[in-house]
Amino acid sequence: MDDEIRSSFFQTVGKEGYSRKLGLKLVDVKPGNAIVRMVPRGDDTNIFGTVHGGVIFSLMDEAFQVSCNSHGRVAVALNVNVVFHNPAKEGRGLKAESREIHCSQKTATYEIKVTDEENVLIASCQALAYRKKERLPFLDR
Amino acid sequence: MDDEIRSSFFQTVGKEGYSRKLGLKLVDVKPGNAIVRMVPRGDDTNIFGTVHGGVIFSLMDEAFQVSCNSHGRVAVALNVNVVFHNPAKEGRGLKAESREIHCSQKTATYEIKVTDEENVLIASCQALAYRKKERLPFLDR
Amino acid sequence: MDDEIRSSFFQTVGKEGYSRKLGLKLVDVKPGNAIVRMVPRGDDTNIFGTVHGGVIFSLMDEAFQVSCNSHGRVAVALNVNVVFHNPAKEGRGLKAESREIHCSQKTATYEIKVTDEENVLIASCQALAYRKKERLPFLDR
Amino acid sequence: MDDEIRSSFFQTVGKEGYSRKLGLKLVDVKPGNAIVRMVPRGDDTNIFGTVHGGVIFSLMDEAFQVSCNSHGRVAVALNVNVVFHNPAKEGRGLKAESREIHCSQKTATYEIKVTDEENVLIASCQALAYRKKERLPFLDR
């Protein structure tokens, strides 16, 4: 992956509205792969006081979004399937790692794992993207 | 559904950290069913400027959470599968409606649809919960 | 749906290798919808003596295949998500009903329910197809 | 894994109605893992003449079934999510490999990949099982 493309991803995620709101930090991006981190806060909790499923999904989805767009062509989510294994806890850092397992002209598939800082598996995910023909708009800014 | 239980759900979701952060509003809850609404804002966007998948999922997950807990026993998410049909847009209100299609002693299954205010289908979801034996803690406050 | 197309589906499924092997019978096809039936036999059982998950899936998949191809353009399965609710039993007839919930130029989404002859819900499914541009080859025979 | 348990699995799958009908062969079983093979035949085809999705799923489901029961306690399928990557072809051998990624008292999760004999990825799967308390009945025969 070209340094300029790589750098564009860090800038784009850094300015993205939702990643700023949730504190999602892009840590690494390679062709087909991405790692995103966050630390869930008190305003990320569900009705039981543990971390909301929507927060865990958002973290995974950010890693998915970056990894499926990492080839430089626009890709959009078609389907995401998540299994929740363990509750995540406020204040305990989370990492989502997305790994491409298949890529064709039209679609690409990813496996994403969310673990906490004690390496507990929080959620695992299979995600399918549709690949458009357009080049990523932010690469040409 | 007893008025007191119903009222407890509205209070609990109203105080939930994450629903406040995202502006998720519980609109209705019945045994096995729930409706939640939100209006996505500028800080809910992804790298393409449309609404982030994590926002759409969070809305669905809130409806899922309420519907699977609506029988009064603690239920937790095991698996959620989402298909994304159309992009959602900033400023255009979204509604998630969760409907129970099966409930046994140990598990329960829900179909959830997200539509926007022009009735465009944004996402659809199949969600599976594990039902614990404990009564919901906030019912006895 | 034109009578000739409808009749082509009945003929094509009737001659299909796998539907004959499993005894899958197409009962109805309409644009976006299909119903398929079967009666599981002794050679359809799993290691516990109930009906194998592969049999239940095959029945659903046949209904999915017909429904997503019913518009006359070739469609192929991208993703199928199944929740199993109750075991199916040898000798007790099964019905899969596939219903289109969304259809765009490129993809289409279906909800499929499998019930037995006592109307017990056996499995429910969300399925996503990719729509090619080609017309179904067997329509022009 | 104890030799007697291992041997019981080979015997049980060897006698299973559906695995005989489809020609599913258990190749390996270890705690949490299983490999199953088959060669699709002319009667395993769909309306386009490639291998039916139900056949591919059945192969995966057999590997899932063995892997989730491999700890000696009865486990049943709750949810299976499949992504189809490439068509499988008649006469070209298929292998399904199931790998446990998480196991708790109540549930366990598996990733299953189906490849053909040229190592083309045909399908990938995420599968969730519910673990009962009972010991596998066929271990005590």
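As written, the chains take the letters A, B, C and D, and residue 1 is the first residue of each chain.
In this text, contacts are C-beta pairs under 8 Å (C-beta built on N, C-alpha and C of every residue); 3 or more make two chains touch, one makes a residue touch a chain.
Fair warning: this is a prediction, and the values are worked out from it, not measured in the lab.
Centroid analysis (C-alpha atoms only) places C farthest from chain A.
Chain pair with the larger contact count among B-C and C-D is C-D, by C-beta pairs in contact. Work out the mean CA point of chain B and of chain C, and you get 30 Å between them. Between chain B and chain D, the centres computed from C-alpha atoms are 34 Å apart. The mean-CA centres of chain C and chain D are about 21 angstrom from one another, to the nearest whole unit.
Multi-chain contact residues of chain B, defined as those touching 2 or more other chains: 78-79, 81, 83, 128. Every residue of chain B that touches chain D in the complex is listed here, in rising order: 78-79, 81, 106-107, 128, 130.
Contact residues on chain C toward chain D in their complex (touch as defined above): 12-13, 16-18, 20-22, 41-48, 52-55, 57-59, 61-62, 64-65, 69, 74, 76-84, 87, 137-138. By the touch rule above, chain C contacts chain B in their complex via residues 79, 81, 83, 85-86, 101-102, 104, 109, 111, 113, 121, 124-126, 128.
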